[in-house]
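Sharing a structure with you now.
Note that the chains are named A, B, C and D in the order they appear, and that numbering of residues resets to 1 at the start of each chain.
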């Protein structure tokens, strides 16, 4: 709550910069509810860290799942005038934020996951999720024919489970397929959709069907909470899976080999830090790809321990090519 | 007891119920919040503080009024439809297609055309369970629940794959509708859009329809005693079909007005349960159209209150919603009203 | 596509999936049934299942005992049912409003408690939970086909089928069951014989909570071992549909659930077959369309059967009125 | 005889303010049949509900076997050896007869006595059926048995619980004369075995026939209690209604004119699809009342429904003033000035949750006179309803009262008012006075005759032979879906003779064939 953070001493921020840090009130508007283990939670972690390290006062407001509530929800924050900066994201908010930002010119906004340029009070950042998914696809392709991994079979089939059959999810799928084909054009991808992002039992059933009947040995979770069913299914069968959005490697060590992370938390923290130092470039959009650390595979100790060296090396190589721009990943969006 | 006293009693009952609910909510808040007073005051006072919040209440009440009316019509006719959600999607989708793809018409033709098409879409979709019921006596609760899923999935497929605006990015929507078909703000600087007026108009029309016309008389009679209606020469099957179609048309209106007034175009999955809220609204209003307006405003007030409590205190969203639910439960308690009436009757006796 | 489906029918994996989908629907539909029979339609199945799913995994993971988990799930669901009874029977709130209220409440309270107790949002997936065990029948397990048909299913699947029998027993073999039915059908008649309508309806709600609680526990400790917010995703409403599809009797509900389970299983299999050109939305629609089709089918048959039965009866005793 | 029960100065005010009892005294002796009479709404049922613990009295005292009583609910009353057969059936339609009988007191067996003991259930019921000669099949589902059998089930229910004081609230209202006779035999057998009976009825003939003493209620108060043998129907009715009541219908000989309705070879099926009408032919002329006599279930219901368009005829013709009615909808037929008082006013003749006004305009809401533009003319409708209530003496606060809050007699007046006020050329009246008090019966009979004299053709269907014989100019007897006799209603015609036709023992066709 507010009571706690006001007592946080300002000197918790990095020394030297404390002097330039001003007392900031920020709000984080969630156009949905927390607990998606994805964007929203990740950004929440970012603002939380910001409040701890920078002494910013952060108020999180959940707008709920009814889209009609979002314009009013955001506007009520902007019109209150209580907040120096409002953090929010997702492409569903693009038109809404444009409208509100024009009408509340003094209000500053930090916007993630969709590009907005030309509005002097909005800073936006985007993540090349297709690049991240490309890495996940390449990783899966390397795993599925691996001889070192016990759960891998010789068949060149990998799985994909999406929450809904919608563009944002299909962009993940497109990147995933490109990555897999890049490694081996003969790989085929089995894709299924849960229908929502909550029905974990159904997610698990779909995954079980993929693993059991389609010779899938590694599958990519792009179904939020429902996708946790996939991770569990993979673990229960001794097969593999790839987590999404945040680092899910620890959920089932040895089965969740890696996760495709979008570092929204870091980027939000970074943006707020810059803001506190008056160095944030409002009016601009920044693209955070593999190179910028905006997206990538989670390479933690578990990754190092469980993923064969050969695959790790190959992944490094592909990442390098992406960074250099030698590989171009197509996006289905726009 | 005359009508005036009855109204007083009703109001006293509502106030008593609200006080009980707030006490209950307060107890919950005490356990979980550091700022109980702020929470309560932002919950109750927040929604009425400022033109912006008041306008928001009005806007939120609009789709509730439509779906509440939609369901009150079928409920009065004795059909327990849960299908407003699906009809709302179909209506909104059809209406949006017209709004997005028909060009070159002046606004005063286009807008009514869009609304009419939405109503037609909802009505036709509503006719399906009505037909299944009258033809084969297929339970309408089952068919409407299932048809909701069918409508949501079908429209989702279409907007994602056929009618998607390529510029819409990760979440599919159609092209934005032109200004001609939009429902603008009634006053500059006040959020309420013209849908508010349409909703009020719809409530009056439904009131007149249900209580002042022959069709309304027939529908209510069929709902109350279909044997009697049949004996009186009323074709109950026809009346049932008519009522589900009127209901579907109103649900379709709910959808298209929300699109034109709030979203600006058809967005995938835009409703999230407005059709189900309508069921609660209609039941709370005891199926009376004017009651539907009052209850919708109350419901919208509670929803805005729940958001305001989240903004104005440390109470999380879930708790705010639980308190909102408590209020609804207490206010819909018949027992409290009966109790008051009995007390009243006893007092009257003592006086006499 | 069809050949792949066929292959799965042959190797019985479709059957296994069917059983898993059927279990929670069947249990919660039985819960819906008992309330419905007693005249208190329970729209709150969805919320009850969520609450039970959360309580089950919360207690189950903390105590490391699936038995305690299931008990907690069932108890919490029954407790909320008592709350429903308080509002609908004592305070005379419309039963349907109460049901919707429970759904909203269930979603909210589970998220709230998950956050308060475990400090997590969205989902709670404890490591190393002891799930409701799978029953392997020693000898049969090894027999090729029979093994797959009879062995290796969750204990809760067996409990679900057993519950059908229990419901038949309760409803038709005990005095209590007759009271339930009479209270639902003719409350005035029951009251005139000194049967307390309120008490019976309260108890019906408790049973409703019991079976729905089992269904919820199975979601979080059988089908999966986690709680995800709103993880029921409409299962309660499907169960409600199955109650009506099953013609308000336990055996009908068993068949209704199996039809729905089969449709869901087929949708799952079809979705995972590579190269299918049918859009996913239309595959997801299969169970709902099948339900409508089944309902219409049964409605037509019922109409016909009733006519036939009545005709046969009136032919047997043409002068019944005179006799 | 010893006093079994004493109710003193009972008052009851319902939550809505209705004062149903305002000082009732009732003393019942052990082993007697005590009749309780009074107009509709006099408070008879209320008094009995209080006695049985279903309603709490506002004030007053009850002594039972000398002990003061105050029941919390029917369970206590049952425990004390009371049983009540309610005015409207208190049965669960989908359960079997035996399940209904033992409901709440089921014999049990097995572990923890969890299971129903069906064997014991049946054997105990068979014993009761045997002893009291109450014929009914315990295995049948209640919704499939006849009204008379349902009444027997209600009585067995009471006996099964070991009741010694049995309250019968209008048990004969829906029974045929034959069923009534059977019921009376059972009652007499009970009394011989020492049971005590409280018997509510509107039929004074029954009071005279069976009761030992009679208590008269009026407007919630006891007027008097008399020995039946010391009084007569005229006195009782005077006490009940407060004026002289005419028992004989006062009418002039009919002057029949042209044929209004002509039914030829009409065939139709019942709800179950079995043939119910097997070739009915009948003419009714303007200015005459044709009564249909017959044991219920011989096609009367189907005949009325076929004529009024509520049931499809399978063959034959129905000519009404030259038009063919078969194939016309109920709405069209009603519009052709056919009035229909249906046999069941609670479910068919009225909508109980609608107001009196809404019930009264069923025929007129389509009428342009009651419209203003696209809307119904509320003012006109109210006015119309007020006038109707005035003419037909419907006793209620105003026209906005729910029909369900009316007593049976008043509700029937609403139905009669609606059907007669449309000035029908053909009036079909089915059981027009069932469950209605004698004052109202007199009124309804007068209205029907008035219609006849005004030139309408009247088709009367009644299970009450005295009513058929009192009102009709000609009597057609139906048996098994056919008209077996059409008799002129002359002085010499006896109930006995009619009875032979009704039971199928005699038939005109056969008689003619013999001659």
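Here is the rule we use: a residue touches a chain if its C-beta (ideal position, glycine included) is under 8 Å from a C-beta of that chain, and two chains touch if they have at least 3 such contacts.
Just so you know, these numbers come straight off a predicted model, no measurement behind them.
Peer 1: Report back the single chain whose CA centre is most distant from the CA centre of subunit D.
Peer 2: Of all the other chains, the one whose centre lies farthest from subunit D is A.
Peer 1: Which integer distance in Å separates the CA centroid of subunit B from that of subunit D?
Peer 2: Using C-alpha averages as centres, the distance is 45 Å.
Peer 1: Based only on mean CA positions, could you tell me how far subunit B sits from subunit C in angstrom?
Peer 2: Roughly 29 Å separates the two chain centres.
Peer 1: How many angstrom between the C-alpha centroids of subunit D and subunit A?
Peer 2: 76
Peer 1: Give me the residues of subunit B that touch two or more other chains.
Peer 2: In subunit B, 153, 156-157, 316-317, 338 touch at least two other chains.
Peer 1: Show the residues in subunit A shared as contacts by 2 or more other chains, in ascending order.
Peer 2: In subunit A, residues 33, 165, 195 touch at least two other chains, as defined above.
Peer 1: For this entry, which pairs of chains touch?
Peer 2: Applying the touch criterion to every chain pair yields A-B, A-C, B-C, B-D, C-D.
Peer 1: Touching residues of subunit A toward subunit B in the complex: what are they?
Peer 2: Listed in rising order, the residues are 1-3, 33, 59, 61-69, 71-73, 75-77, 79-80, 90-92, 94-95, 114, 164-168, 171, 195, 333-334.
Peer 1: State the interface residues of subunit B toward subunit A in the complex, per the touch definition above.
Peer 2: 34-35, 50, 52-53, 56, 59-60, 63, 153, 156-157, 160, 164, 166-172, 191, 258, 262-264, 267-274, 303, 307-308, 310-311, 314, 316-317
Peer 1: Would you tell me which residues of subunit C are touching subunit A in their complex?
Peer 2: Per the stated touch rule, the residues are 4, 7-8, 13, 17, 20-21, 24, 111, 120-123, 125, 127, 219, 223-226, 228-233, 268-269, 271-274, 279-281, 284.
Peer 1: For subunit A, which residues are in contact with subunit C within the complex?
Peer 2: Spelled out, the residues of subunit A in touch with subunit C are 33-37, 41, 44, 157, 165, 188-190, 192-193, 195-196, 198-202, 204-206, 208-210, 212-214, 224-226, 228-229, 232, 251.
Peer 1: Considering the complex alone, what residue numbers of subunit D touch subunit B?
Peer 2: 13, 15-17, 308-310, 329-335, 340, 342, 347-354, 358, 361-363, 365-366, 371, 374-376, 378
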